[in-house]
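Note that chain A is present in both complexes that follow, paired respectively with chain B and with chain C.
For the complex of A and B:
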């Protein structure tokens, strides 16, 4: 039994956790950006999937990961622009738009996989150039150091940088203050002279950029192939992590790490023949519990405040 | 307003179909032939028409489930989870209660499935009613929990012991009879239609339904006239969950005959979209559910006979939903023209 547990819980779990949490992290950052403007971006899943497809296709045909990344970002931005027009200009419910985008992305990538790359299911080829990995030569001698610090894909450490960058942007700059005020009280923001419509549109586009990167990382960093529905709910996990952190990048990142941790532990348990489902459930149950407790406390406080006034 | 809404829907369908035709033509096929095969695949012959009906049943029930919860102003995205739990509950009763005569066994399975679904839906309902926890995110998360629970049950305690994670086959007394063999359409269709009529009556003709709609439209008013908004909200969610559970039970008892791990490719999300396009109008829900079911069934035939991938039809459906969601899209144009004239 303890032998089994040491197979599951050991130092390699750190690398595995970081790796598994990164696709979710990018999805979360995509959501946080729009959530701060009070737009629930359910369409991350679709944006990521299209980005992943575009990245693999461009990488395969051009042999350049930079071009692939640029193409994925472009596609992500284009999709989020469509969503923004539908939601902001034509008053479509953002939730419906997001679900439709997810459906559209699944269908379109499946369709193009068949028509452009000529296969169905999944596409793998040696000609796909992945995102670069960071190899630290000084860790070569030590197995543990190498596992902990070396051989990360470029976007894994970069994701952590983005977390703190976004936190700084949101809470320490004028841009972030304006954005948050648009989300908290659009009427007040409008009165204060902040162009709410433009602000929301702008932030949707930025979220498309991050969503496209999420897709490119998923297909060229996390793996090196494209498969139908390869996002497999990671966009929704990103939404969940965003809720877990209440829209705060750092707290949401912790949510992502929990997701990544349980995911890595779950897959190891499964390979040992133990039921992984209860471990895999933890992040979802934890998020629901965090939400419920936070709001329960808030309502209790409000009730107390009200009775004190009367 | 009514007429312009119909015009809007028709225009949306036309634009999406034209878009599909353009893609088909671009690929070097004849759009007319593609759409003919699509129609044939949905309606021609017992097998094809049965295929449409077998997709129609879960779409109708899950769309209803979504529409009912929206009457109490709760956005129930968790129908997928309720469908899974209902399905596994029905599969469990279908095997465990072997020996019962059919007249008791089938209703027992359905009732247990509905209870499972409604209890699961009561959780987000209660969280929303008592503490105003955002139900959209709770139900999205609860879906995963529900699917993991069923996945554990089917993998361990209820496993049939085969390589594929599935339960033992239901006894014959728990099966719903097929109505259009060789297709898998079954008497679940009539159960679903009965559920539709009952739900319509419940929401629009009963006191309960009045309370639900009052709470959904204006909880403050409802509370003021003495309707207990919180419990009404939870009850509304439970009815919604029961419908979701029923959908899962019919899938297991009529289509598969056992519970298969991860059997639903997001059926409830399609149902939800049908309800959203129908703007939660219970009279329109069956029409849109049928329309989506026909498109999905027809796509298979189109793929078989023309070689056009059925994912194209999914793309057209998604386009249609996207366009339909944009309320003002066609209306605004018309108003602008009216002003000029």
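For the complex of A and C:
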């Protein structure tokens, strides 16, 4: 039994966790941007899926991962622009808009998979150029070092950079302070002369950029194919991680690592013969647990603030 | 200087269904403290919010430093050196004090970074110059109301204000904090700032201001030198003596047997001042106990705690000797309580449902209105028609949706339902708010009749006239506590006013 467990829990788990957490991390960053302006971007799942499809298609036809990335970002921004107009200009409920985007993305990508790439289910081809991997030559001699530090896809370390960059932008710059004030108390922001509507629109667009990158990573970094519904709830897990971290990039990243960890451990346990039905449940059970924890903490704080017994 | 720094003339501002300001007039001299007084809804805040650019007046002129405007925006007002400390603070609770002060006017260094050192240095100057003690690195949700108010003042000064509008600044302060605020305002005045001070506490007017402008029902009533007037004169101008119908001599006598006892309850609230801390009262059979007080001093929390709509953290509520605190509203009703909620549209009625459905809302479980899980339509219709006739609800058609009724008739539906319950205790919260005069009379008559039939009524109202004309006894609430009980005979508006504003002096 202990031999078996060491197959599950060993140093290679670090690499696996980071890798599995990255798609969720990009989804989380997408949500954090809008959440800071008090917009719950539930459409991240759909944005990612469209981005993933676009990236694979462009990469396959052009042979350039850069073009593919750019195309995915463009699609993400376009979708979020539509959402922003619907929600901000025409006051549509953001949750409904987001769900509509998610359903539309599922159908559109399935349709285009058939029409453009001529297949159904999933599409794989040697001509798909993935995002570059970073191979560190000096780790070649040592298996452990190589596993820990080398052969990451470009967007895996970049994601971590983004976490700290976004944190810095939010908490250290004029841009971030104004954005947070818009989300937390729009009236206070308005009386301080900050254009609330424009600010919200702006972050919706940025959110689309990151959402497009999330999709490109999923299909060209995390894997090298496109499959129907390949996001498979990762966008929603990103939303959950954002709630877990209360919109703070660093804390939300921890949430993503928890998801990445349970995901990696789960897939290894499967090889030990545990029933796959339970294994497949793990990410979702983890989502519920993580959200329940975050919510319990929040309500306890609120109850304390309202109490008359202090 | 021969010209006022601010002149407002013939201001008219309408809100849906109400003219908030009607020919408003106000002027401010440089370096003076000018009190703007009036009852709730007299149009004081509306006047000043037009000056700060938050409201666009329909008519009138605003002249600031010789420049005349028809309307202003907050940005223009800030540029003209006008700052406003709102009754509801415009602070982002999750941000630090420093971040709140500099928001929108942040000093920068390269790369869009905020220069927090520079920001702190600038803000410190105001802290030191005016003795405005604040802790810059605390989050706003960690500081007291008094400190938050000082943050608001500094925010205005930081943005370059030398005309400072304070909207009921003492409404949320303890007496100690109030006297500190007054010191600060005197320092600001000595420094040449001009201050508009909105209040309805006459004691404070006399203590602080140079001049006083009185508003009533949206109109300018008078502008006086503070040194040439008195509290009684201001009260008369503010209330308009003729508005009071005087106390109706009560023929009723409480039998002395308490039906509702509230024992030292603590109840959470959304705001610091509305949390109940140690409230006790006794309601006797056949009496009306009026609860007076300025809105937001815990009256709503008291009613909701009794009705089972709000948790009670400590203490007991007894209805006919049975504990009802922390029970569900249904259980509390079953124990003998009826409740006219203060907001008929939120809690009193389902607006999209019919008059009939609203009338049966609390009784449809009982025979003969229902048999087991089945409603009995004929019985429901008879029930509704009886109440519609008894309470003169118009139109007298049970199937009409409540949303189509006037405010007065909608309120009659609530009153009819609750009075017909024939409960031991009736909570009547703002029973005639937003109701036309004819319906007011009707509703008050029904309340008195219910009381004569033996129901004990707890009447909460912001309308002093209502309290005075209906109550046998009056409890006054202030900052989540009861500051005094008065017999109807010994209550007049002046004594009530004293208790309502925390009345340091007990007569």
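FYI, the second predicted complex is superposed on the first by the 274 of 310 C-alpha atoms of A that agree within 3 Å, B and C clash if a C-alpha of one lies under 4 Å from a C-alpha of the other, contacts with A are read in each partner's own complex, and residues count from 1 in each chain.
Here, a residue touches a chain if its C-beta (ideal position, glycine included) is under 8 Å from a C-beta of that chain, and two chains touch if they have at least 3 such contacts.
These figures come from a predicted structure and were not determined experimentally.
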| item | value |
| --- | --- |
| Touching partner for A:191 - first (chain B), second (chain C), both, neither | second |
| Contacts of A:272 with chain B and chain C, given as first, second, both or neither | neither |
| Touching partner for A:104 - first (chain B), second (chain C), both, neither | first |
| Which partner reaches more residues of chain A (counting touched residues only), chain B or chain C | B |
| Partner chain in contact with A:240 - chain B first, chain C second, else both or neither | first |
| Which of chain B and chain C A:7 touches, first, second, both or neither | neither |
| Which of chain B and chain C A:177 touches, first, second, both or neither | second |
| Chain C-contacting residues of chain A that also contact chain B | none |
| Residue numbers on chain A that touch chain B, as the complex places them | 40, 82, 86, 90-93, 95-97, 99-101, 103-104, 106-108, 110-111, 114-115, 233, 236, 239-240, 243, 275, 277-278, 280-281, 284-285, 287-288, 291-292, 295-296, 298-299 |
| Contact set on chain C toward chain A in their complex | 54, 74-75, 78, 90-95, 99-100, 102-106, 108, 111-114, 141, 266-270, 275-277, 313-314, 480 |
| Of chain A, residues touching chain C in the complex | 172-175, 177-178, 180-181, 184-185, 187-194, 303, 305-309 |
| Residues of chain B defined as touching chain A within the complex | 27, 75, 127, 130-134, 136-138, 140-142, 144-145, 148-149, 151-152, 155-156, 269, 272-273, 276, 309, 311-315, 317-319, 321-322, 325-329, 332 |
